[in-house]
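Presented sequentially are two complexes of subunit A, the first with subunit B as partner and the second with subunit C.
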Partner chain A sequence: MAKYITKRILKGIVTFLITITLTFFIVRLMPADPATLLMDPRMSEAHRQQLLKDFGLDKPLIVQYFSFLRNLLKGDLGISFMQKRPVMDIIMEKLPWTLLLMTITQFITMAVGIPLGIYSGHKRGSLFDQIVNAVAIFGISIFVPWLGFTLLYIFGYNLAILPIGGAHTPGIDGGLEYFLDVGKHLILPVITLMSIYLANYVLYTRGSVIDVLSEDYIRTARSKGMKEMRVLWKHASKNAMIPTVTTAGLMIGRMVGGAVLTETVFAYPGVGRMIYQAVSQQDFPILQGAFIILALSVIIMNIITDILCAYLDPRIKLE
Partner chain B sequence: MKRILIIVLCLTLILSTFVGCSKSDEAGANNQGNEVKNGEQTSESSKFGGTITIGTYADPDTLNPLTGNDIAGSWILNLIYPKLMKLDENGNKVPYIIEEPEISEDGLTVTVTLKDGLKWQDGTPITSKDIDFTYRVLYEQKLQWQYEVLNNITWETPDDKTIVFRLQEPFPTFITTIGYWQRIVPAHIWSEIDDIKNYANENPVGFGPFKLTEYERGQYYILERVDEFFLSPEGKPYLEKVIFKPYPDINTMVLALKSGDIDVTAKEIPATAAKEFEGSSEFNVVQNQDLGYEHLAINLRDPLLKDVNIRTAMAMAIDRSQIVNFAFDGAAEEMPGIISPVYQKYQIGNYFPSYDVEGAKKILADAGYKDTDNDGILNAPNGENLSFKVMFANSITAHEKVSRILVDNMKAIGIELIPEPMDKSLQTDKLYNTGDWQLTINTWGAIDDVESSMATLFLSTASLNWMGYNNPVADDAMLKMKSAITEEETMNFMDIFQKEITKDIPDIPLVVKKNNFAYNNKFEGFVKLPSILEGIINPTSLSQVYIRK
Partner chain C sequence: MLELKKKSSFRKRWEKEIKAFLNHKIGMIGLFGVIFLVIVAILAPVIAEPVSGYGDYEDKLLKPSSEHLFGTDDMGLDLFSQVVWGTRSSIKVGIIAVILALAIGVPIGLISGYYGGIFDTIGMGITDIFLTIPMLPLMIIIAAIAESNSINMVAFIIGIFSWPSIARITKSSTLKVCGMQYIEAAKCLGIKTKSILLKHVLLNASTPVFINLTIVMASSIVTESSISFLGLGDPLTHSWGKILHNAYQSGAFGTAWWYSLFPSLAIIFFVISFNFLSMGVRDALNPRISRE
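Right after this comes the complex of A and B.
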């Protein structure tokens, strides 16, 4: 086991190095540069060159790359071109909001999606199964900003029971009131994000329940005279969970994609919105920082799920 | 089974908190409403009191007034840091914290005197030393484009209220340009800062109708009024608080305005939304003019486009009224010359050829362009089709609509246009770096001080002259226009310049955009200034806005 874990972690480190290298060069492959994007009718060529120098973009790419690596080793993600503040500070300001949004979304999505998937796998072909399938596929194909805006229009404007955007109301700090205020601001973004991920959980779980239900040990359980519900929830669901757990780890990366759109529509102060703005300004340090944090979380999640799966299913280790 | 029970339990718990909070927060929202109403009650005897919440599109890039470079930032920073000059309702630069500047007869000395009794928000008087310090730092550290305005200019501060600039050659728009674009910072605070360029300025101390008291990036910026502000009719601003809230999605911002989450937008709203607000009894809509304009620039290095006959025919084929009505929903003004109609003084009858399809066809026919292969597109003598790619940024919906109108317009005279939507950074790259383009639809954000700014756009050596325009007569006129002292001289060179450029047509101005701003009509007293930079959210305006009784 120890050998497997060491191997897995080493692999993770290599993946991380490749990712940050790719990130560094990909952001620089964008056409134009942050200084040119700032050009306006009053700016001269000399000032553009000055800006490039300030951003450190006048040096050869390879020099920039090594100084980026050097700083990264020191834990320094650099200074944002536009905001002139350390990227670490900026990310740390946004990350808690995104984590809050994602954790709650993940949790509710799993809590709703897995039982739904198990039950509709069990009732395969029934009306219930068909409805769940249709709703899940509708959710996956819906255009996120449209859904977000429609929800805002209905609950924020028409019914006026939920706030229009933001993460909390200015002036309310601390205490239960703050907690409830934050919760109220979370409802619509969470529902919107859920629409994208619910289908994954439902369909994965449903699929593996269907597979598992045809296994021999299920037949054994049934032949022992066990009640059908107990067979389903106790014997089948546990084994059917393995692929679902694996996807949960991978979902982190995909969630950020949804967060970019959701946080923008809901004016939510998270990492997604920060990435959106940094792309349009070509703020390389912020983009690099954001992708490093993302890569790191996906890699760590993967290592954890791999180890977890190896623990659950001894066959994996042997391969 | 136990695990599932736990999950279900957690789910119920979470859901119950959410239901709980929607109730209690409804009460919260009501409380807020009461606060506003209380404000109104206390202001029964006067206009004082209340809060205004303003929607913007983003956070300020930085709170550092010396390096801040975006519009979202300028709305906030201009309320808390002063400039020597400000804009008036007609787009003229007028004194803000100074008296009318005195320019010597030879145009080489500019004397600026500060208004009496102005103090920074920490109580220290504002002096000419602050201006001296700010301009010195700007120039030495090349903080912003405007440092170049100070090239070859020296200055001294004979006393605390006066600063005298000495120029090597006349530059009449010197003080309006630097005065309007450069914010002043208190020297006693900023001289202590080591790295001004990378200074975040988390706790700004400045001068203006409001001061920044609390903020959370991505969420809100709360400003409170100062006790004394000279532009306010009754000595200090009526509103107690100003709150800025960023909404990156314009539709969400419009919805927030409709629902009362915000009271006014600093950013312009789409014409369709403006129409909806106009029909409502709760809102007022005002419209201002942009200082820049929308234009079709032409790459003069292109073998076909370098023929002035093609450019003239293209200029004659464009139906600007269609662009106004369909691309901008009526919120724009046709632009017949090279100087925006905002600047009335320079509308002296030198216009680009006007809309005339038959005339355009004749010019092309006379120049030898015929449809030799009967494909509906004219051919050059060498057989090449008159077919051009027109690029535009795919994020700008209006430009996409303009491109479609231009395709139709050009088709009518036998020229094929191929629209090429692309990312703004790719378009920028083609214009500034690779030069691989034929036609482009663009916007100039703000063209002010046209006497000097034409040279930054059209001078043969200017970096923004991507068209590759090179006309020595026009060059000479642009440079002389910049340094002309008398009105007569300026007009003379302006006339020469306009005649040359409308003859050569390196660039076809299309329309000047009008921006719509909507506000809840319980507020009154907004002052509307031109350009998207100012709109109705500027120090002059907010120092006199109040809540109607």
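Right after this comes the complex of A and C.
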């Protein structure tokens, strides 16, 4: 197991290195050069050169790349063009909100989606299964901003029972009240972000339960006279979960994309909304930094998922 | 004569699958949905006059009526026309994305699967990385940096990141096909590798790739809509995401429900049609899963 974990972490590091290299060159090689975007055209030439030097944009690309790597190791992601503050500080203010949103969504999605998928696969063809299937197909087809707006419209404006945006009410800073307030602000964003992924979990789990239920060991368990529910939840579900957990890793990367849209709609102060704002301000250090941090989070979560998979299915370690 | 023989054997080979597809209700609904969308896209100039710029002030945010089927936006422009013309952009983006995904994904999958070894390690390694990293933020960054965001540019960005799933599927089906005896036989006969790859391996690996293409099509529209919704789309082309962006920016989505409802329904209709189509094709080719 230790060998597998080391291998997996090494692979994660390589993935991360390639990701940041790719990002660096994509940002630098695009037609619009960050220097011109940063500059005010009325700026004097001397001032311009000074600014270029301050941001390190006057050196050759390869030198910039290595100093970028060196700084990254020190946790330095550069300075925001607009806010003139370290990107790392800005991201660290936003990241907890995004992680909170995504972790809660992930847990609820798995807790609801996996049992729903198992049961619907077991009752294949029944009315329950057909309803779950139909809802899931609509679920994967939903457009996140639209669902967000609709929920906002109904619960935020018309019924006015839930907050219309943000992550907490300013002024409430401590104790149970703060906790409840943050929870209340999370309800609509979590439901919105959940929609697509819940459907995915249900469909994946359903598919693998159907496969697993036709295996020999299930027939053996049944022929021993074991109760059907015990066969399903004890024997079939553990194996049926392996493909689902495997895809959970891939799902996290896609969920980040959903988080950008959800946070924008709900004005949720996370990294996703920061990306949206940085886009309209053409703030490249922020964009680059946000992407690197998000990619790192996803890679770490992927390593955790893979280790979990190896625990569930010992065959994986041998590959 | 030989041609004729080939054709009839093709028909024979797929007869069961075509019949299974025709009996698949959901798949047929999807097929009709897709045909409907293609017709709307082609006939857009006949169905609705293109609108642009500013409309009349009196026409601002009108409710759906017989004159404006989907109502009007905050500029006083007809939303029905915008949704119809948006269909054109969506189909265009989908096709470009699919072509690029095929052009990049299929060779990578074929080479990884056929040659194995170092090719496989590198090819699948890159694929894995692209599958892991959060794509939407990366595409947003590129769209933000790119100088011109024409609809073709957006489609290009989506396309160059849509290939990993195609590469994976091509590889796994290539592996399956390469294990078959007729490939071995072809190798023994001294047929050139290139022609084995193109003629035998690719042809037989193409069905799972095709199923995946409809999914790439559906997801490329969701991505395009997301990019346009965030204000990074083509400012000169009508797209469903752009209408939603305008609705969000104008702040009218709370009062004018039709503003965001119709473009959203269009997106959902598009995605569901392609998902249904792919379900139908998959079940028709894979009877084991579908016996219900």
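Keep this in mind: the second predicted complex is superposed on the first by the 284 of 319 C-alpha atoms of A that agree within 3 Å, B and C clash if a C-alpha of one lies under 4 Å from a C-alpha of the other, contacts with A are read in each partner's own complex, and residues count from 1 in each chain.
To be clear about the criterion, a contact is a pair of C-beta atoms (placed from the backbone, for glycine too) under 8 Å apart; a residue touches a chain by one contact, two chains touch by 3 or more.
Here the structure is a predicted model, which means the values were calculated and not measured.
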Applying the touch criterion given at the start, work out whether A:Arg48 contacts subunit B, subunit C, both or neither, answering first, second, both or neither.
-> first
Considering only the touch criterion stated at the top, classify A:Pro115 as touching first (subunit B), second (subunit C), both, or neither.
-> first
Is A:Thr264 contacted by the first partner subunit B, the second partner subunit C, both or neither?
-> both
Considering only touches as defined above, state whether A:Tyr157 meets subunit B (first), subunit C (second), both or neither.
-> both
Using the touch definition from the top, say if A:His168 reaches subunit B (first), subunit C (second), both or neither.
-> first
Mind working out whether A:Thr19 is in touch with subunit B, subunit C, both or neither, as first, second, both or neither?
-> second
For A:Leu180, decide between first (touching subunit B), second (touching subunit C), both and neither.
-> first
Partner chain in contact with A:Pro243 - subunit B first, subunit C second, else both or neither | neither
First, second, both or neither for A:Gly139, with subunit B first and subunit C second | neither
Where on subunit A do the contacts from subunit B and from subunit C line up?
-> 30-32, 145, 149, 152-153, 157, 264-265, 276, 280, 282
Considering the complex alone, what residue numbers of subunit B touch subunit A?
-> 1, 4, 7-8, 10-11, 14, 17-18, 20-22, 24-26, 28-29, 32, 58, 61-62, 64, 67, 69-70, 142, 144-148, 177, 181, 197-200, 214, 216-220, 222, 243, 245-249, 251-252, 255-256, 258-259, 261, 292, 423-426, 428-430, 432-433, 444-447, 453, 456-457, 463-464
Which residues, counting only subunit C, touch subunit A once they are in their complex?
-> 125, 128-129, 131-138, 140-142, 144-147, 218, 222, 225-226, 229-232, 244, 247-248, 253-254, 257, 260-261, 264, 267-268, 271-272, 275-276, 279, 289, 292
What residues on subunit A touch subunit B, complex-wise?
-> 30-32, 36-48, 50, 54, 79, 82-85, 93-94, 97, 104, 107-108, 110-112, 115, 145, 149, 152-153, 156-157, 160-170, 172, 177, 179-181, 183-184, 187, 233-234, 264-270, 273-274, 276-277, 280-282
Subunit C-touching residues of subunit A, taken from the complex the two chains share | 14-15, 18-19, 23, 26-27, 30-32, 124-125, 137-138, 140-146, 149, 152-153, 157, 207, 210, 249-250, 253-254, 256-258, 260-261, 264-265, 272, 275-276, 278-280, 282, 284, 287-288, 290-291, 294-295, 298-299, 302
